[in-house]
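As written, the chains take the letters A, B, C and D, and residue 1 is the first residue of each chain.
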Amino acid sequence: MRFGWSEDQLAFRDAARDLLSKECGPDVVRTAWEGAPDPKPWSSLEAMGVLSVLVPEADGGLGLDETFLVPVLEEAGRAALPQPITDTAMVAASLGVTGSVVVTDLGGPIVGSADTADGFLLAVDGGVALFDADQVEREPVTTVDRSRHAARIRATGPGRTVTDDASEVAAARDRGALGTAAELVGLADQMLAITVDYVGERQQFGKPIGSFQAVKHHLANARVAIEFAGPAVARAAWSIAEGADTASRDASMAKYLANEAAAESAKVALQCHGAIGYTVECDLHLYLKRSWALRRLWGDSDHHVDRVAGVLFE
Amino acid sequence: MRFGWSEDQLAFRDAARDLLSKECGPDVVRTAWEGAPDPKPWSSLEAMGVLSVLVPEADGGLGLDETFLVPVLEEAGRAALPQPITDTAMVAASLGVTGSVVVTDLGGPIVGSADTADGFLLAVDGGVALFDADQVEREPVTTVDRSRHAARIRATGPGRTVTDDASEVAAARDRGALGTAAELVGLADQMLAITVDYVGERQQFGKPIGSFQAVKHHLANARVAIEFAGPAVARAAWSIAEGADTASRDASMAKYLANEAAAESAKVALQCHGAIGYTVECDLHLYLKRSWALRRLWGDSDHHVDRVAGVLFE
Amino acid sequence: MDLNWTAEQDANRAEARQWLELNLAEWRSEIGEQLSGDTADGVAQQMLWEQRLFDGGWSVVSWPTEYGGRGGSLWEWLIFEAEYWRAGAPQRVTQNGIQILSPSVFEFGTPEQKDHLLPRMASAEDLWCQGWSEPNSGSDLASVSSRARRVDGGWILDGQKTWTTRGAFCTHLFGLFRTDPESSRHRGLTYLLVPLDTPGVTVRGFGRLDGDEGFAEVFFDEAFLADDAVVGGVVLGEVDQAWSVVVAAAGTERGLLRPPGRYLATSAELIRLIASVDGDRSLRRRAAIAWMKAEAFDLQTLRVITSLLDGGDLGSESSLSKIWWSELDIELHAIAMDALGAAAEIDDEWSKGWQFALSGPIYAGTNEIQRNIVAERVLGLPR
Amino acid sequence: MDLNWTAEQDANRAEARQWLELNLAEWRSEIGEQLSGDTADGVAQQMLWEQRLFDGGWSVVSWPTEYGGRGGSLWEWLIFEAEYWRAGAPQRVTQNGIQILSPSVFEFGTPEQKDHLLPRMASAEDLWCQGWSEPNSGSDLASVSSRARRVDGGWILDGQKTWTTRGAFCTHLFGLFRTDPESSRHRGLTYLLVPLDTPGVTVRGFGRLDGDEGFAEVFFDEAFLADDAVVGGVVLGEVDQAWSVVVAAAGTERGLLRPPGRYLATSAELIRLIASVDGDRSLRRRAAIAWMKAEAFDLQTLRVITSLLDGGDLGSESSLSKIWWSELDIELHAIAMDALGAAAEIDDEWSKGWQFALSGPIYAGTNEIQRNIVAERVLGLPR
């Protein structure tokens, strides 16, 4: 028994965090609201091997498992990395599909980075098939988080069957829930951190607003939710990596707790920022809106609670 | 349109409040924990006409309606009057059944004042029948609120049919929910008032604990819940008195909001009292435990929410 | 207690309903696609709507007819508002003037100010925005530092206001300015009425959370505000005595009553939404609970109006209402978002409503401040 | 990361499970109807159980064998606790000594104190209660006013402690006493060990919320506490320096780790209850959520133990756990109450558990205090 990331996993994560803090600050996220995202952080992550963690070494990947990838996805969430890293690095890679940006509709009908993706992994008759960018039709969707560049996708070409195996598709969905849960924990932590900084500086009634007990308790609630979502995500990474019997249940639990932690953190972050946070000029909204989108991708809270209840009351 | 109690209704209520504050203080509630309740407040209310508000004048009652009775039931709740006043004055009286203490199982299988009641109104084959004390068998139940003197009741005699009309039985249940809702609003207000007094006096860290923002916000939440439950109870009284189409829905709404207000008030009252409230030596527990019992009598929150949802989504 | 409306009130309701149905249809066909009221083009559309409302005599139902009102009672106001929201009519671009400024004009204005300001406000000739918050004065309103210096024939204004709702589209601002430079906190402030085209006043619109330009910063750079820049004078109440105006406004009934019809209308839409997506039992339960809360707010408002008509006053109890409706609005929209599932992220009416609802616990005094008020002034807890 | 238990740990678990099954059955047949551990007769029953635990070597799994422990690691402690609660074994009457006093004895006790106190605590020969709270010192522990005056050969104690859990059934009290009469707040306090049969000490049991005599008041009326009233001395740590002991105890790992098995066991019972009453979907959802929270607490504990074994320390993060388990315990029991419906008011195990759960956010520092600690010490917000 040892429940903590290894030295290697931590080093890999820290490298990603350094990279993202340099190359994917809020200004970079903002550019993705205006047009195509800056390709730099994505290609740096690619160069680091993040996109091919799950790809076997024989195929040019790192040949590692989800316990290496998940800590990095938390960092991608913290940075609100515009591209759908869970789709590419977690779901597509685990199905043996590589490409620079591979997106999928397995997590829901509204697909991110639809305009720049070079691969589309679409649900087809109980299996999944891969389509090139010129084999699909995009119906763009304006989402609250503009940096998602989302669309509904319809295949126009034949595609290449990736799997017909329903259990592989189900496993891919579990990985999508896990990856998104990791991003949400990072986002929750980021929203909390921004807010802790803000309430320490903002003065009202002659003192920092962070010294008011109501503000303290709001932020403590967010911290509590994050504290207990993190281990659930880590455990699900391990369960999936090990192929444990409980992998699906654990993925659902991770997504549920991460959803709720992100919801709590988003709520108190906005409230404690007050009017300053209620503008698109404040960076907070970049993270807030990403968290709203990810909460409902790869299954919302009700969906995952029902899956867990299904196991407990089977 | 005029949404407020009349002068007469207020005068009747105030008389009941005066009477109960003199004759049914916490010491009197405590005696009901040890044995038979002090009969004084009950007989005073009887003499005032409270038990026969709904009884026609021709039958010796006051010939008034629920809008007179409900404000008094709030006072009975505030005082945690040990006897089941909703059973007697609201439900039995509206079915034309009089007697000193009439109890019923229409609100649930566990019946209060089972040892001292002189009439038992029991559900029988879709209708209700009245049984004397010697026509029933009691299976005593130890409840958390010992002052309830509760039992499960089984008829052993033939009884007297009161009604076979399912709609009258349903109306009796609505009245039971309404009366209990009124008691709960009074209880919620009482628990809050006791706590406001306490936190104004109790000193910790060199000041009254009521000056801490966390304590303030707890108590403000209880006050908000009560503020919006009260009008729902008043409206249901009017709807039932007028025979409005929405009477059942309104009774359910009243019971739901009163349940939640009492739950909120009970929660924050205990928390703000701390260890002092967590003892049977503190009066708070008398009101707390009564509120727990009444929340589930005459339909719990889920039951009443489902009834309202049934109307809204019919 | 009598919850029946009178025949006259029923007739009022029918008249309002009919007028709204007809005029909304006409207005909608006139404007084509309806735009957000927090954009320049949307405001232009809504000015057409305000004009209709005023011409129809519905702009300010409870005001005396001499100021452009209908002379209606609070009941008629409530009935109209219920119909207004039920009909899906747009949020009023005139609301900051009508809801926040007008009660103070009624109470503190000179006859000349009333005669001039109120009809122009009702007819939307003047569009008023609120100049209270500043970059360093949000919850702590008494800390405002924008200054007005007395000079011959007027005032020189300096400083900055911000988060000014629809400031970029308004003609006038009412605001608090520090006129006694030696003063601190709530003393020495004056309530001034400022045309936004005054030289030295600069307005910069900026994006609210939903991206619409619903907020503005207003900069005052040695701006000269002539005493007659507003007919009747630019000072409302007494010089250095703005705080008494602000406090009284919080206790007056006009405007501060939030119309419950708005939340009843949202809950009715929510129920339609959930019925249409075949919501499961727990969504239906949540919607029923939210509906009950909207209904309870309506009932509580009936209770408050009855009490006002009996001579009571609103006082600090308005804080109870503010907590309730703001948290209810979030609850209603959160349930809708959950019912929409994956579609919740689409930028449409529901998600706009969700974002707007999130401002409820912040504006008009955060809910943290409201809970302090409930605890201290309603319950009497020590400060 | 490796969430598999070793073969040795699996064997430990099997051994514990088997021992508990056998011994609980024997103990239950020995005592007949099991009474509340907060009554005199119930404590007598539980002393028989404590004796079995000690004889079996399971009383203090993680203590060194020289003090009556099993010399197990924190993992073995965790495994045993999970099995303990899973088996439905009773709450420990020895817990205040083992969980709260013993960490301080390990850190601050003299060798003689350790040799004497710890084995007697493990074997339940001494039953310890905590003398911290006073009528005017609850959340504000630093305000204690019970006094100890130094005299020849000992101390004279005066004052009162209260809400002393199981005080009426214990043999000894550990408590904070003001030994420097000039001192205030957290300075000048001494941590004293007091046999409850000391002349001048009076214990009065009284009813907790559930009516059981689970609380006591302890009165000190010129009570003479001889220096040798406890072998090794009655002062733990240094005179006037109790606060450093209290602070260190909050940061040490032993005892303060709340065993998650307790909540996992309750959530398993809850799931059985709801399955048995054919709970509707929303009850099942609520139970699944509560189960996830219990599971998350288990996982977070595994994370904390891993970190402790890596040389980390617990520190203020224990406040996060306290908030979580105390509110989870209420949630678990509230769902059970709702599942029971009308039967929820019956005075039985579930309603006892509900009432006990309500004490969670109050004792061991209210959750309001814990949230302050999280905000100030974990997040670094200004005090």
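Things worth noting here:
We take it that a contact is a pair of C-beta atoms (placed from the backbone, for glycine too) under 8 Å apart; a residue touches a chain by one contact, two chains touch by 3 or more.
The shown structure was predicted, so the numbers you read here are calculated from the model rather than taken from an experiment.
At the far end from subunit D, in terms of centres built from Cα atoms, lies C. The interface holding more C-beta pairs in contact, when B-D is weighed against B-C, is B-C. Computed from the mean C-alpha positions, the centre of subunit C lies at a distance of 54 Å from the centre of subunit D. With centres taken as mean Cα positions, subunit D sits 40 Å from subunit A.
Across the assembly, subunit B contributes residues 212-215, 217, 302 that each touch 2 or more other chains.
Multi-chain contact residues of subunit C, defined as those touching 2 or more other chains: 280-282, 285, 368, 371. In terms of inter-chain touching, the protein chains here all touch one another pairwise.
Within the complex formed with subunit A, the subunit D residues making contact are 1-6, 9, 75, 271, 274-275, 281, 284-285, 287-289, 291-293, 295-297, 299-300, 302-303, 305-307, 310, 317, 320, 323-324, 368, 370-372, 374-376, 378-383. Note for the complex: subunit A touches subunit C at residues 108-110, 141-145, 148, 150, 203-205, 209, 212, 214-215, 270-271, 274-281, 285, 288, 292-293, 296-297, 300-302.
Residues 212-214, 217 of subunit A are the ones touching subunit B in the complex. On subunit D, the positions that touch subunit B within their shared complex are 133, 136-140, 143, 162-163, 206-211, 215, 280, 282, 337-338, 341-347, 351, 355, 358-359, 361-363, 366-368, 371. Subunit C meets subunit D in the complex at residues 280-282, 285.
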